[in-house]
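One chain, chain A, links the two complexes that follow: it is found with chain B in the first and with chain C in the second.
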Partner chain A sequence: MASIGQILLAGLSLGSVYALTALGFVLIYRATNVVNFAQGEFLMLGAYFLFTFVEGAKLNYGVAALIAIGMLGVLGLLFALGVYYPLRNRSFLPVIIATIGASIMFQNGALAIWGSSPERLRPVLEGGGSGGVTLGGVYFNYQYVIILAVTLVLMGFQYAFFEFTLLGKKTQAISQDKDMARLLGIPVTGMIALTFIYSTILGGLAGMLVAPIFFLQHNMGSIPGLKAFSASIIGGFGDVRGAIVGGLTLGVLESFGGAYISTVYKDAFAFLLLIIFLLVRPQGLFGEKVGEKA
Partner chain B sequence: MRRSARFLIAIVTGLAVFTASRGAAQMGGPIKIGQLLPMTGNFASSLKMQRQGAELAVEEVNKAGGVKGRMLQLVREDDKSTDPGAVQAFQKLIEDKEMVAVIGSIRSTQILAMLPTINEAQIPVMIGGTNFSLTHQGSRWVFRHRPHDGFSAQVMVKFVVEELKKNKLAIVHTSDGFGNGGRDEVVKGLKARQMEPVVIKAINTGDKDFTAVVTAVKNSGADALVTYFTSTSDLAIFATQAKQQGLLPQMTWIGSPSITTTDAAKLAGDALVGTYGIGDFDPTGNPTAQAFQVAYKAKFNEDTDLFSAWTYDAVHNLASAMTHAPDLKPDSIRAGILAIKKRMGAENEYTFDERGDGLDHYYILRNVGGTWTVLKAVHVERY
Partner chain C sequence: MRTATLKPVHWAILGGALAVALLPLLVTGRYNTNVLLLAGAWAIAALGLTVVLGYAGQISLAQASFFGIGAYAIGLGTVHYGLNWWLAFVLGLVAAVAGGIILGATTLKLGGHYLAMVTIGFQIIFSLVMTNWSAFSGGPDGITRIPRPPFFVPLNSAQRYAWFALAATLLVALAVHALRDSRLGRSMRAVRENEIAAEALGVDTLRVKVTAFAISAVLGAAGGSIYASGFLYIAPDTFDFGTSVQFLAMVLVGGRESVAGSVLGAGLLTFLPEWLRELKKIYLIVYGSIIVLVIVFMPEGLWGFVTLLSRSLARPSPVPPPRGALPMGRARPAGEPVLVIENLGKHFGGLKAVDGVSFTVRQGEVHALIGPNGSGKTTIINVISGLYAPSFGEITFLGRSVGGQRASRIARCGMTRTFQNLRLFRELTVWENVLVGAQRAGGDETAIRERAASAIEFMGLTSHVHNRAKNLPYGTQKRVEIARALAGVPELLLLDEPAAGLTQSEKEDLVEIVQQLHARGLTMLLVEHDMSLVSQLSHHITVINFGRKIAEGAPERVLAEPAVGEAYLGNREAARA
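On to the complex of A and B.
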C-alpha cells in the first residue's frame, strides 16, 4: 500500500513538470497557432539561470529566483523578436522549424557556457537533513510537494486569466482571428510578445523546480519537452485544463507502468497513449474548443 | 589576358604550397591519432575528462621528444553519444589516410556498432568499453584499456557472496550493451554458486524517476544490490531516491565503476556513503596513477578518474607500441601493442593478449564518509 502511494506521488510530481511545460506550449499555441519546440529548452535554461545565481553568485534562493525569472522574461522577448516575429506572416511551418533550430542552439549554447559535467542545485528546503518527511511509509520529498503546489497555483492563475480578464480574452481573440483583433484595436504584436515572455517564464519555472531532482545538464529539457507536447495533445491542444490533466495522466501512467509492467518501456507508455489518442480522440480530452476554432 | 595570367599564378602557388605541406607531413609532420568523444548528447558529461586525459599524455610524449622524432597530434570527432554517431565519426576519422590509430569509445554499445567498420578499416582502435564480447569476436584491431565485465562481475559476486556473506542479490542495470552484459555475467557468476538473483530491474539512460525500481528492490527481500549503471547522472539520481525512500543506507550496495567517479560523488553526495564499488582505476592505486594525478591536477586543477585514466593510458601505450615498431603501418603498430608486457599504466599493469585485452585487475573500494578508499586489488584469471 505504501509503495503504491510512493509510486503515485512520484507520478503526480513528474506529471506536474509535464503539465507546467505543457502550459507553456498551450499559451503560445493559443496566441499564435504555433507549436514552440524550444519550450523544453526554457526549462533547461531556467534551471541553469537559477543555478548560476544560487551556486555561482551565492545569492539568496528567493533573490536568485527573481533574477532568473527576469532573465527568462528578457529571453522570452528576444525569442519572440528573433524567432517568431520575422516569420509571423508565413505559414506555421517555418515558425515551427525556427523553434526547433532555436532549441538546438540553446542546447549547444548551454553546453558551451556551463560545460558538459552535470551540476547539482540544492533544494529550496533542506530541513531535516534529507529534504523530506516520511508519512505512513511514503516519503514526501519537499521538492515534490513544492512542485505540486506551484503547479496548482499557476494552473488556477492561468485559468482565471483566460476566462475572467480582458487581457486573457484579448489573447483568445488574437488566437481566433488576428486581423479581426487588430481591427478591433487590440495591440496584436505586443500581446504576442507578452505571451512569449510569460510562457518562457513558465517553462523556466518548471526547470527551476526540477533542477534539484534531475541535476542540471544541457539536454535535461528535451525529454520533458517531448512528454509535455504529448501531454498537451492528450489533454486537447490549446486547452489549459487539458494540459494539466494530460500532464498528470502521463506522469502517473509512466510511474505505474514502470512499476508494474516494465521500467525499460516506461517511456513507450507515454507515446503509446499519445498514439491511441491520436487515433481514437484526436481532439484530446478537452478538445471541443479546438474543434470550434477550426 | 592579364586576369588569366594572375589566375594561373594563383593556381601554381596553391599547388606548390599544397605539395610542400604534404611533403612536410610525410617527413616530420605530426603523427595523427583520432579520438572519438561524446561532445554532444547524453554522455557529454564524460567529454572533458576523456579529452583531458589524452591531452595530458600527448603533451608528456611530445615533451619527451615524441615518437620517432615526430610529434603526436589528436584529431577529435564528436560521436554524438549515439551508436550511428560513433560509426560516422569513426569513418570520418579514418578517411584521413595519415590517421595511424583511433582512441574511443568507452561505451560498449558504440564499439559493438563500430566493430564491422573497424575490422574493415584494419586500423588499431584503443577502446575503453568493458562488455565481455568486444574482444571475444575475433577482431584483430581492438585493444582494451580497462578490464572487461566478465572480471568485474566475478570480482563483485565473489566479494559479496564470500566475504560479505550475502546470498539474496538484486541486480539493477542500464538497458544497453554494457548493462545487459554485466547482468549476464553476474547471473553466470551466481549460477556457478547454485544461486539466482532475487530480482533484476533494467533502466533507461536519462530516466529521472526510479521509484518503481527502488520499490521492486525493497519488496524483493534482497540483502545486497549489484548495479551496472552506464551513466553517472542516472546512478546519482537512483542513489538519491534510494536513500530518500529508505533503501539506503541499510542495503549493501556494490556498483560497477561508475559509482566511484568524481561526478557521482559530486551529484549524489552522502547517499553513496557506505556503499562498495569496484574500480579499474584509483588515483592512489600505484605509482604511475599517483604521478598521473599530480600532473593532471597541476594542468587542469581537477582530480583524475577512470574516464581520464583510460585515455591517458591509451595514448601512452600507443606511443610505446609505435616507438618499438619498425614503421607506422597498422600491422606494425598492432604487433607493437601485443608486445607490451607488464607495462605499468595509470589503471594498472598492461599485458596485451591476442584478443586485445590489456588488463585483468580490479580494485574493491568502499565509500567511507564520502571518500573512496581502496580495500584491495584483485587480479583474476583471464578468459
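On to the complex of A and C.
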C-alpha cells in the first residue's frame, strides 16, 4: 500500500491533467458558449504528435514539443473554422453533436495513422519509466514533478495574461458580451479563433505531459476529456478557478478512491460525484446561479 | 370529407409492410440477415431518441445503456434465471422505465450540456458495472446461448426472426409517428420550443419530459431485447458510450423530428460500414465527417432534405372549420372577485422588485396595471402566473390560494397569458401553437381542434394556419400568442404589453379585439405602456412605481392624480430643487 503522500502526489498530477483539459473547456465555453466534446481528443493528439517527433523522427524532446505545440495551434484554428464557425448561430444541440462528430473523426483519424496497438513514449528525463527521487518517504517520480511544474507555470502565465494584458481583457470582454465587444472594435472572430488555438494547445499539453505515463491509444482522450468536463462542472462551469480546483479535487479523490475503495470503479467516482453535484449544487463550487427570465 | 386518394401515412404503412415482408427474403446469407436484424433493433432504439430528442428536445447520451438493460434482461433472465422470454422482456422494460424516470427527473434542474453530461455519467457507470460485476452480468465475456422468443411459430431461423424484428420496428415506427400529433406529442414539442410558455399554458413540463425519457428508455430496452435474441450473444462493450453516440448520430443524420428519418438513419449507419468496407480504417473518418457535414449543411437531417425536395410528403392535414363562436369561460356575476392580490412581494436578493402590492381583478372588467419602466409590472404578472414564487403575500384565484404554485397548475385553474417578449413555439405552425393552448381546457381531440379553430378565426389568422410561427411578421406573431391563450378558454387572460412594438393600425386592431373579448364577458389583466390604449380599454387601473401601488381606481380619476403624473414625468419639486 502506497503512503498517503504518494497517493496525494499521484492525485495532484492526475488532477493537473484534468485541470489543463478542463481549462480548455472553460475558455472555449466562456468565449463562445460552446461545450467542446472533442477537447479530450486534443489530449490524445498532443500525446501522439509528441510521440511521432520523439520516437519517430528522433528529435530532441524540447524541439519535438515545440513542433507539436505548433501543430496543435494549427489544429485549433482549423477546428474553429471547420466546426465552430459554421454553427456559431445555431442552438447548443447541433454544436454539441458536431463536436462529438469531430471527436469521432479525430479518434478514427488517429487509428488510421498510428494504428490500434498501444504505443509507449519514453519519459523526458532518462532513467527508465521509474526515474525519480525519494524525499521524506515520498517517492517523487520525475514525470509527476514535471506535470505539476508545467501546470503551475501555465496557470501563472494564464493569470498574468488575463489580468495584465489588453489581449486578455479583450478575451474577457468577448465572454461577457460579444455584440458590445464588436461595437467597441474588438475583432471578435479573431479573438475566438485565438481562444480555440490556446485551448487546443492546453489540451494537447495535458496529453504530452501524460504521454510517458499512459499508453498511447486512439481512445485515450475520451474518458479524461469527459472527466475534465465533469471537473469543470464540479468547480462551477464557466469559472477558471473552478476548472483548476475542480480538476485537482477530482484527481486527488480519484487517486484515494482507487487506493482505498476500488480500482475497477475508479472511473465511476468522477461521474457519481458529478451527478451528485449537478443535483445538489448545479452551480458548482464557484459558479453563480443563473435563471432564465420570463 | 372522405377522399379515395391515399394519404402519405397510408403509403408509409404499405411501403413499410412490404419492406418487412420482402427484406428478409431478399437479404440472404447468415451474415447479411444479421446486419438486417441489427438495423431493426437499432432503429427501435433510435426511435426512442426521436421521442426524447426530436420531440421533447432533451439530449440523451445514454440510449445504449437502455439498449443494454433490455439486452441484459433477456440474457440474464432467460439464461441465468430461466425465466420465460416475454417475462424477461417485460422486466427489462420495467427496469428501463425506472432508469428513464430517474434521468427525466434530473431535467427538473438541468438542461443543455449539463443534461448531456448526466446522461453520459449514467452511461459510463452502466458500462463499468456491467463489465466489472462479473458475478451478476457475466463480466466482459458477456452471456452466450440466449434463446429466441416463441411467437406463434418457433423463430428458430434467422429469416423468421428477421420478420419478427422488422415487424416490431414497423409497429414502433407507426406508434412514434402517431405520438407526434397527439396531445402528449404536441406538449413535448411545445416543451422543446419554449418551456416557459408551455408551462404557462398549463403543460406540466416536468411530467412531459419524464414521460419522454421513459418512452425513450422503453424503446431502447425493446430494441436491446430484440438485439440479444437476434445475435444470441451479448457483451458489455456493445452498450458503451460510443454506441450511445452512434444512436444520436443515426437520429441526427436521418432527421431528428421525423420517424422516417430515424429509421433511415439507423439503416444507413448500419449498412454503411458494410458498403464501405473496402475503405477499412478510413471508413470511420468518413463516418465522423459525414456527421459533421450533415449537421452543418442539413440541420433537419436527410429526411428534412427529402421533404424539402418533395413538399407533398409534408402536406399538413386540413384544419376543421370552426363550428361555433369563440367559447368563453363560465358565466359569473359581474363584479365578483376573480383574482385577489394581497400584500404581494417579490425580492431578488436585495432588489425589492415588488414590495407589498394589493389589488383585486373583478369579473368582466379590463384591469390595467401601469407604471414606468422597471416599476415591477411584469414581475407581478410573472408571480401571478406562477413563473416566479412570491417572496410573501397571498394570491387568490377563483377562491383558491395559488401563490407559489407551479405555473402549469395555475394555468389549469383557468389563467392564461401572453408575453412581453414573444414566447411562441417557433418551429411549430400557427395551428399547432394554438392547439397546445387549446389543450388547457381539456376534452377530446375534436373539442381541442374546434376550440383552436375558433380562436384562429377570431384572431383573423386563418390564412396563416400552416405557417411556422417564426416565419410570421411581428404583429401577426403577437396575435398568435393571443389566439393561443384564448383557445384555452381562460377565466382570466393576462396580457403582458400586447401593444409593444405594434404599428398604429395594429394597435387599433388590438383595441377592437380586447373590446370584443370584453363584450363577451372575458376578464382581463392588462400590463401596458401606451396610455391612450389604457384609457380607451380599461375600467380599472392600478399604478405601480418602485414595486409599490401608488394609485388605483377609475381611469379618468387615476390618470389625473399628481402622483401618477410624477411617476411618469418625474417629480417637478425634485427637478426644481
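The criterion applied here is as follows: the second predicted complex is superposed on the first by the 281 of 294 C-alpha atoms of A that agree within 3 Å, B and C clash if a C-alpha of one lies under 4 Å from a C-alpha of the other, contacts with A are read in each partner's own complex, and residues count from 1 in each chain.
We take it that contacts are C-beta pairs under 8 Å (C-beta built on N, C-alpha and C of every residue); 3 or more make two chains touch, one makes a residue touch a chain.
None of the values given here were measured: they were computed from a predicted structure.
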Next on the checklist: Please determine, from the superposition on chain A, whether chain B and chain C clash or fit.
Outcome noted: clash
Item to check | Which of chain B and chain C A:Ala102 touches, first, second, both or neither | outcome: second
Checklist entry - For A:Arg90, is the partner it touches chain B (first), chain C (second), both, or none of the two (neither)? => result second
Next on the checklist: Contacts for A:Gln217 in the overlay, against chain B (first) and chain C (second): which applies, first, second, both or neither?
Outcome noted: first
Checklist entry - Looking at the overlay, what does A:Gly258 touch: chain B (first), chain C (second), both, or neither? => result first
Next on the checklist: Once chain A of both complexes is superposed, is A:Asp267 in touch with chain B (first), chain C (second), both, or neither?
Outcome noted: both
Checklist entry - Does chain B (first) or chain C (second) touch A:Ile146, or do both, or does neither? => result neither
Checklist entry - So, does A:Leu111 touch the first partner chain B, the second partner chain C, both, or neither? => result both
Checklist entry - What is the contact status of A:Val124 with respect to chain B (first) and chain C (second): first, second, both, or neither? => result neither
Checklist outcome for this item: chain A residues contacting chain B in one complex and chain C in the other 107-108, 111, 223, 264, 267
Checklist entry - Which of the residues in chain A come into contact with chain B in the complex? => result 3, 6-7, 9-10, 14, 107-108, 111, 115-118, 120, 130-132, 134, 139, 141, 210, 213-215, 217-219, 223, 254-255, 258-260, 262-264, 266-267
Checklist entry - Okay, in this complex, where on chain B does chain A touch? => result 38-42, 44-48, 175, 201-204, 206-209, 211-213, 215-216, 218-219, 232-233, 236-237, 243-246, 263, 266-267, 269
Next on the checklist: With touch defined as at the start, can you tell me which chain A residues reach chain C in the complex?
Outcome noted: 35, 82-83, 86-87, 90, 92-94, 96-98, 100-109, 111-112, 222-223, 226, 229-230, 233, 237, 264-265, 267-268, 271-272, 274-275, 278-279, 282, 292, 294
Item to check | Residues of chain C defined as touching chain A within the complex | outcome: 53, 57, 59, 106, 109-110, 112-114, 116-118, 120-122, 124-125, 128-129, 132, 196, 241, 245, 248-249, 252, 281-285, 287-289, 291-292, 295-296, 299, 378, 382, 387-388, 419, 423
